[in-house]
Amino acid sequence: MSDKIRVAIIGGSGYVGGELLRLLLRHPNVDIAAITSRSQAGKPVTRAHPNLRGVTALKFSAPDELQTYDTLFLALPHGSSMEQMRELTKVADRVIDLGADFRLKNSEDYSTWYGYEHKCPEFLKDFVYGIPELHREEIQKTRWVAVPGCTSTSAIIPLWPLVKKYRVKLIVVDSKVGSSAGGLEPGPDSHHPERAGVVRSFKPSGHRHLAEMEQELGLAKQISFSPHAVELIRGILSTIHVFMEDAFTEKDIWQTYLQTYGEEPFVRIVKERTGIYRFPEPKLVAGTNYCDIGFEKDERTGRLVVMSAIDNLVKGAAGQAVQCLNLMYGVDESAGLDCVGLHP
Amino acid sequence: MSDKIRVAIIGGSGYVGGELLRLLLRHPNVDIAAITSRSQAGKPVTRAHPNLRGVTALKFSAPDELQTYDTLFLALPHGSSMEQMRELTKVADRVIDLGADFRLKNSEDYSTWYGYEHKCPEFLKDFVYGIPELHREEIQKTRWVAVPGCTSTSAIIPLWPLVKKYRVKLIVVDSKVGSSAGGLEPGPDSHHPERAGVVRSFKPSGHRHLAEMEQELGLAKQISFSPHAVELIRGILSTIHVFMEDAFTEKDIWQTYLQTYGEEPFVRIVKERTGIYRFPEPKLVAGTNYCDIGFEKDERTGRLVVMSAIDNLVKGAAGQAVQCLNLMYGVDESAGLDCVGLHP
Amino acid sequence: MSDKIRVAIIGGSGYVGGELLRLLLRHPNVDIAAITSRSQAGKPVTRAHPNLRGVTALKFSAPDELQTYDTLFLALPHGSSMEQMRELTKVADRVIDLGADFRLKNSEDYSTWYGYEHKCPEFLKDFVYGIPELHREEIQKTRWVAVPGCTSTSAIIPLWPLVKKYRVKLIVVDSKVGSSAGGLEPGPDSHHPERAGVVRSFKPSGHRHLAEMEQELGLAKQISFSPHAVELIRGILSTIHVFMEDAFTEKDIWQTYLQTYGEEPFVRIVKERTGIYRFPEPKLVAGTNYCDIGFEKDERTGRLVVMSAIDNLVKGAAGQAVQCLNLMYGVDESAGLDCVGLHP
Amino acid sequence: MSDKIRVAIIGGSGYVGGELLRLLLRHPNVDIAAITSRSQAGKPVTRAHPNLRGVTALKFSAPDELQTYDTLFLALPHGSSMEQMRELTKVADRVIDLGADFRLKNSEDYSTWYGYEHKCPEFLKDFVYGIPELHREEIQKTRWVAVPGCTSTSAIIPLWPLVKKYRVKLIVVDSKVGSSAGGLEPGPDSHHPERAGVVRSFKPSGHRHLAEMEQELGLAKQISFSPHAVELIRGILSTIHVFMEDAFTEKDIWQTYLQTYGEEPFVRIVKERTGIYRFPEPKLVAGTNYCDIGFEKDERTGRLVVMSAIDNLVKGAAGQAVQCLNLMYGVDESAGLDCVGLHP
C-alpha cells in the first residue's frame, strides 16, 4: 500500500463525494486515507452512499481531523474552497477542486458571474482547468486542478476542435440536465411531485457555466446557453447549434474530430446511419467517464448540430477529477475509470 | 339533439382519435354520430380508450359504413386523407383533417418534405391552416381545415407576433417532445426499455414540421429545428432561440404578446419573477388546449429566449381541431375545451 | 350567486387544497368565498397552483380573516384540526376535515396510532367517516365529515362488499403509491434523485391508515398492510390478497360487486378478458374521482386477488370531500366531479 | 489466452445476451469465442448493445457457424433450448441455459405451466437449478445449469432460509418488476405511452415463475404470487408477506439469515433503523449481482414482511449465470461480477 497515492476527500457526503469514493475504491493506485463530512462524521460512508454496502467499511471523519495526504479532492459548496485553500495547501501536495472557486482565470469574473469577491486570487493563475482533452500537458505538470462544471464540460469538449479550426459566427448550447446536478439538498424545485416529468427551463440565460465556456473557447458573447431540467437523474445531453462563417462538409467535421480526439480514451464519436442510438444518449454513459459526441449538418440552413452526452457526476465531475489525478501522477489515464455503461 | 353538429371521427382508434372523443363527448354542441376504425369495428371505444369507461357506450364502426355528417374529423396516417378526400367531401359539408396532407399550400413541398406526389393538389388552396390565433377569420369561413403538426404549433404561435413586428436574423427551435407524439404503433424506438429516460435527438435536421413553420412565418431557411424525445408521454416544450436585427427590450416583447394574444382564450403568457413554474411547463398544460408562452432576454448576447408549452395531443392536435370546429360553426370558441390541468 | 354553497378552504396552499380548488371552481353549486394560507396570504392562488392560471383570480387570505361560511374544508396538517375545531364550528355550519383528526371513532386509537392525546374527543362520535359508498345516508344527515386517508379508501371500498358477505381469514393489502401522497414539504425522501425510479417499502408494517381499515371493516388484526413508494406522482394501486373461509367463484365476486356498487357513480368494475388495461390502472383515473376495482381468483391457492386504483388526491382526498359535500347539500352527487381521465 | 474458458453466447442480441457480454468482456478467466444472432450476423455487437462502444470490436456470427467451445450460454426464447439441446451438447462440454426449458425437474410441469410437451425430458434430471446460494456444490459438479427466472430468484433466495427453519402457513409474493424483464420485442404492452408510469397487475395469478418457487421451496399451493409492472427498466422488488406456524422474533430472523447467507458474496442483509434506504431498493443494485434482503416483523398480525431487491438482468439472469460458470470452473466466484451500483 505504501506506493499508492494517499488521497483524502473533503466534503464526502454529497453526490460528487460519493462518486469519487465509488471510483477511487476500485482505483489500483489509490489509497483513500480519509473522507470527511461535518454532518456525518463517525458514521459509515454507506449511510450516505448505500450503493457501497458490502464494498467498503470506511467511515467519515470530521473535517478538523485532517492529517497530511498526497492529494486532496475538494467536493465542497461553491465559495468554501477559496476560504480554506491557503490552509489546505499545508496538508497536501496537490489539490483537485471540484467546485467553481478556481475555474475562472480572471478574479473579476467571480464578481460578474458569482457575485462575490474572490478570497485568494493569487491561486487562480496556477490552477489548471481540468479538461484533459484540452489541457493534458498542463495537468501533468500542475499541483492544482479546478475540475470544470458539468454543462461546461459537455459544451467545451465538442466545441473546442471546431473553434480551433473554424471561424464561428454564433453558438446556441441547449442542454438537458438530470436532477443530480442540483446536488444533495432537497428544495421545492427538487421535490419529486414538482420535479418528476418536467421539462423546465430553469435559467434561460446568464447561467454561470457560460463563463467557463467563454473562457476556454475564447468566444466572448458569442455563445448562448440555456439549460433545462428533464426527467433524468444522471446525465446531460447538450444540443449545440453552431453557425459558422466557413463552409464545411460532414466529412470535414468527421476529420476534425478524429484528428483531435481519435486517441482520446474517453471521447467517442457516435454517428451512425441507422438505429435508435445513432447519436449520443446520456443513458448509455451513466456511470462512465465517456463524453460521446455526434453531429449532423443541416443542409437547409448550413447549421452544424452537435450533440454531446456525459454523466454529470462522472465526466462532469468525479470521473474527470480522477482522470486528472491519473495524469498528475503519471499512472494509466484510465485507471479507476473502466466502468462500462448499462443497456437497457 | 337535432340542432347539434353531427360529426364523425374517421380513424378513431389512435391517440388523436381518442382525444377527439374525450373532448367531443363533453362538447355541448356536438353529437358524435360515428367513430370508425378498421381494426376495432364493432368493439366499444373503451377498448382502445380505457379512460372513457363509464363515460360512453359508443362503438367503433367500419370505415365503409359511413353515412352523411355535418363534419368529418380525419385522424388518419399521413397520405391517407388525400387518397380519400374526393370521396369524403361527398359525405360531409366540412372536413377537419388532423394529418399532414393538406397543411402545405405548395404541392411541390410534398415531394420535398414528404417524398410523395400529392394526389389531390386542387384542394390545397382551399384548406385553411388551422391555427385560430393566426387564421381565425379564414377558419370561420372555410369548409376545410388542416390541423397543424404538434411541434409546428408550438413554434408558430410564439414566433408569429415576433416575426410580424421584428426583422429576424436567425431562429433555433429546440423542442423536447413526449412519446405520444409518435402515435399508437409500437416499434423499437418506443419500446419502454429503450425509450424511458432518454434524451434523444431523433431528427437533428430536416424534420417535416419545419415546412409548416417556414410557410406560416414566411421565413425560408432562417429557422433551424431540432426535436428531442424526452421522458414524457404528453407535452412539448419548445425552446426558441431568436436572434433579431432590431433592438428590443423585454417590455417590448411583453407588449407585442399582449397586443397579439391578450384576448386569446388559449394563449397564456407565463413569465414570473420567482417560483419553479415561472416559465411554461408542459406538465401543467397536459389535457388542456393552452399554449403557454414565456420569454427572457439574454442581455449578454442580445438573444431572445422564448419557451412554449403545449399538450401535443390537445393544442397540438385534437383540441386545436375542436377549436377550429367551434369557429366554423360560430359556437363558443372554448366549447368542449374547458379542461383544467393538474398540479402536481 | 346567492343560493350557492359558500365554502372556505382552510389551508389551501398544499396539494389537497389545490385539488379542492380545481374541483370547486368548476362546481355549479359552490361559491369559494375564501381560501386561506398562512404563508401565502395576499398572493394569487396560482402562485401555489399554477395549473389554475387563467382559470381564477382568487387570492389567499390569512387564516385570521375568516368570516362565516356554509362549509369549511380543512386541509391542514394532522393534529391541527382538533386544535381549532371548537373555534371553527362557530364560523361554519358544516365542516369537512381532510386530515386524520376525526377519522377514528375511539379516542384511544389516537394514542395508539398517532402517538398523541386527542384534544376534542367529544366530536369523534358525531363525525361521519366520509366514504359515500359505505356511509351515504349518514353523510346526508351529518354536519361533520372526516375524509378518509388515501390508501384507506383504496382498501376499504373494494374490501367492504367482500367482508359483508364472506368470512375472511386473512388479508394482505400491498399498495403502490405516488409521491404526491407525501404532501408539499420537500425532504430527503422526496428529493428527486432519491425518489425517482424507486420501489421503496417505506413502512412495511404499522402504517396509520391501517387503523381506518380495521375500524371500517371491523377486522382487528386480520389485515396486513404494506405501502410502497413507486415512480408515480398521482395514484395508488392497491393489490389486495384475500384469503377467505368460504368458497367462492369469480361469478360470485362479480355479483357481489355489482349488487353493492352497480349504481355507484364513482366505482367502476374493471375486469376484461384481454388488453393491457384489463385490470385497474392508476394512470387512467388521475384527476378523476373514480375507484376502479378488478379481481381474479387464484385457482391454485384459493386466493382472491383484488386490485383497486384511485387518484390519491381526488377519490383519496379532495374529490371524495366534494362528493360528501354534494350529499350533505342534496345536490347532484357528481357535481364538480365530472373530470375525465387521460389516455395515454 | 490459452487457459481461459472459451465460451459462446447463443442468441446474443437480446437483453440477456447483452448483459452476458458486458460481464464476460471484463471477466479475467473468460474468452468470448463467439456470440451468435440470426438477425444481426456479421454486424458489430455494439449495434445491439451500444453501451459497449469503445469496449469491444466483436461481431455477431450466424448460429450455424458454431465450432466447439468449453461452455455455451443459451439466451434463447423459451422452447428453443430444448429443441437444440441434443445438438448443442456436441459442441460444448458445458451448457448454461438462461431460458425456462430446463428449470423444472418434472417434465409434466411443462405441460401444466408452459402448455407444451417437453422435447428432451431425459436432460431434466441432470440440469442443476442455478442458484448458487442453494445449490453451490451441485453446480460445482454439474455440466448443465438452468438459470432461474428473475422473479423466482427474487423470491427463492430470501424464502429458502425461512422455509428450512420454520413451518410456513402461507406466503404472498407481491413483485414489482421493470420493463426489461419483458425482453427486446416491442409490443402494445411495452409501448412507451402505454407502459410509462403504470402500476400494472399483468398476471395476478398463475405466473409461470411460481412453478420454480414451489419446486425449490417444496411448498405446493402455499405460495401466492402476483407480479406488477412499475416504472422501472431494470430491477425487481419483491415484497414477501410470510405467515408462519412458529413464533419468531426479528432477532431470530437476523440469525437465520446471517447463518445461511453471512458468507455469501452476493447476498446483503439490508435492515437499518433509519434512512430512506433502510430496506432493499432495486435502484441500488442495478448492474450488480447482489440480492439485497430486508425484513420487518408486523407485531400486530404476526406477519413477517421480507423485501428483496435484484437486477432482473444480472442476479436474475446473466450475473447468476456467470456466478454459476465461476463455480463450474473453480475460479473466483465473484470473477467478472465486481460491478458497483450507482447512487443516486
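A, B, C and D label the chains in the order they appear, each numbered from 1.
One rule holds for everything that comes next: contacts are C-beta pairs under 8 Å (C-beta built on N, C-alpha and C of every residue); 3 or more make two chains touch, one makes a residue touch a chain.
Small disclaimer: the values here were computed from a predicted structure and weren't measured.
**Student:** Taking C-D as the reference interface, identify its repeat among A-B, A-C or B-D, namely the pair sharing over half of the contact pairs by residue number.
**Tutor:** It is A-B that reproduces the contact pattern of C-D.
**Student:** Relative to chain D, which chain's C-alpha centre is the most remote?
**Tutor:** B
**Student:** Copies chain B and chain D touch; is their interface built from the same residue numbers (over half shared) or different ones?
**Tutor:** Here the answer is same, because the shared fraction of interface numbers exceeds one half.
**Student:** As a quick test, compute the distance in whole Å between the mean CA positions of chain B and chain D.
**Tutor:** 45
**Student:** Suppose each chain is reduced to the average of its Cα coordinates; what separation in Å results between chain A and chain D?
**Tutor:** Taking the average C-alpha coordinate of chain A and of chain D, the gap between them is 36 Å.
**Student:** Could you tell me which residues belong to chain D and also touch two or more other chains?
**Tutor:** Residues 15, 180, 188, 193, 197, 231, 233, 281, 344.
**Student:** For chain D, which residues are in contact with chain C within the complex?
**Tutor:** Against chain C, chain D makes touches at 170, 172, 174, 176, 188-189, 193-194, 197-202, 204-206, 210, 221-224, 226, 228, 230-232, 235, 237, 239, 241, 243, 276, 279-283, 294, 296-301, 303, 305, 307, 309, 344.
**Student:** Considering only the defined contacts, which chain C positions touch chain B in the complex?
**Tutor:** Those in contact with chain B are residues 15, 18, 22, 25-26, 47, 49-55, 180, 233-234, 268, 270, 275, 277, 281, 284, 286-287, 290, 292, 338-344.
**Student:** Show which residues of chain A lie in contact with chain C when the two form their complex.
**Tutor:** Interface residues on chain A, with respect to chain C: 15, 178-180, 182, 184-188, 190-193, 195-197, 231, 233.
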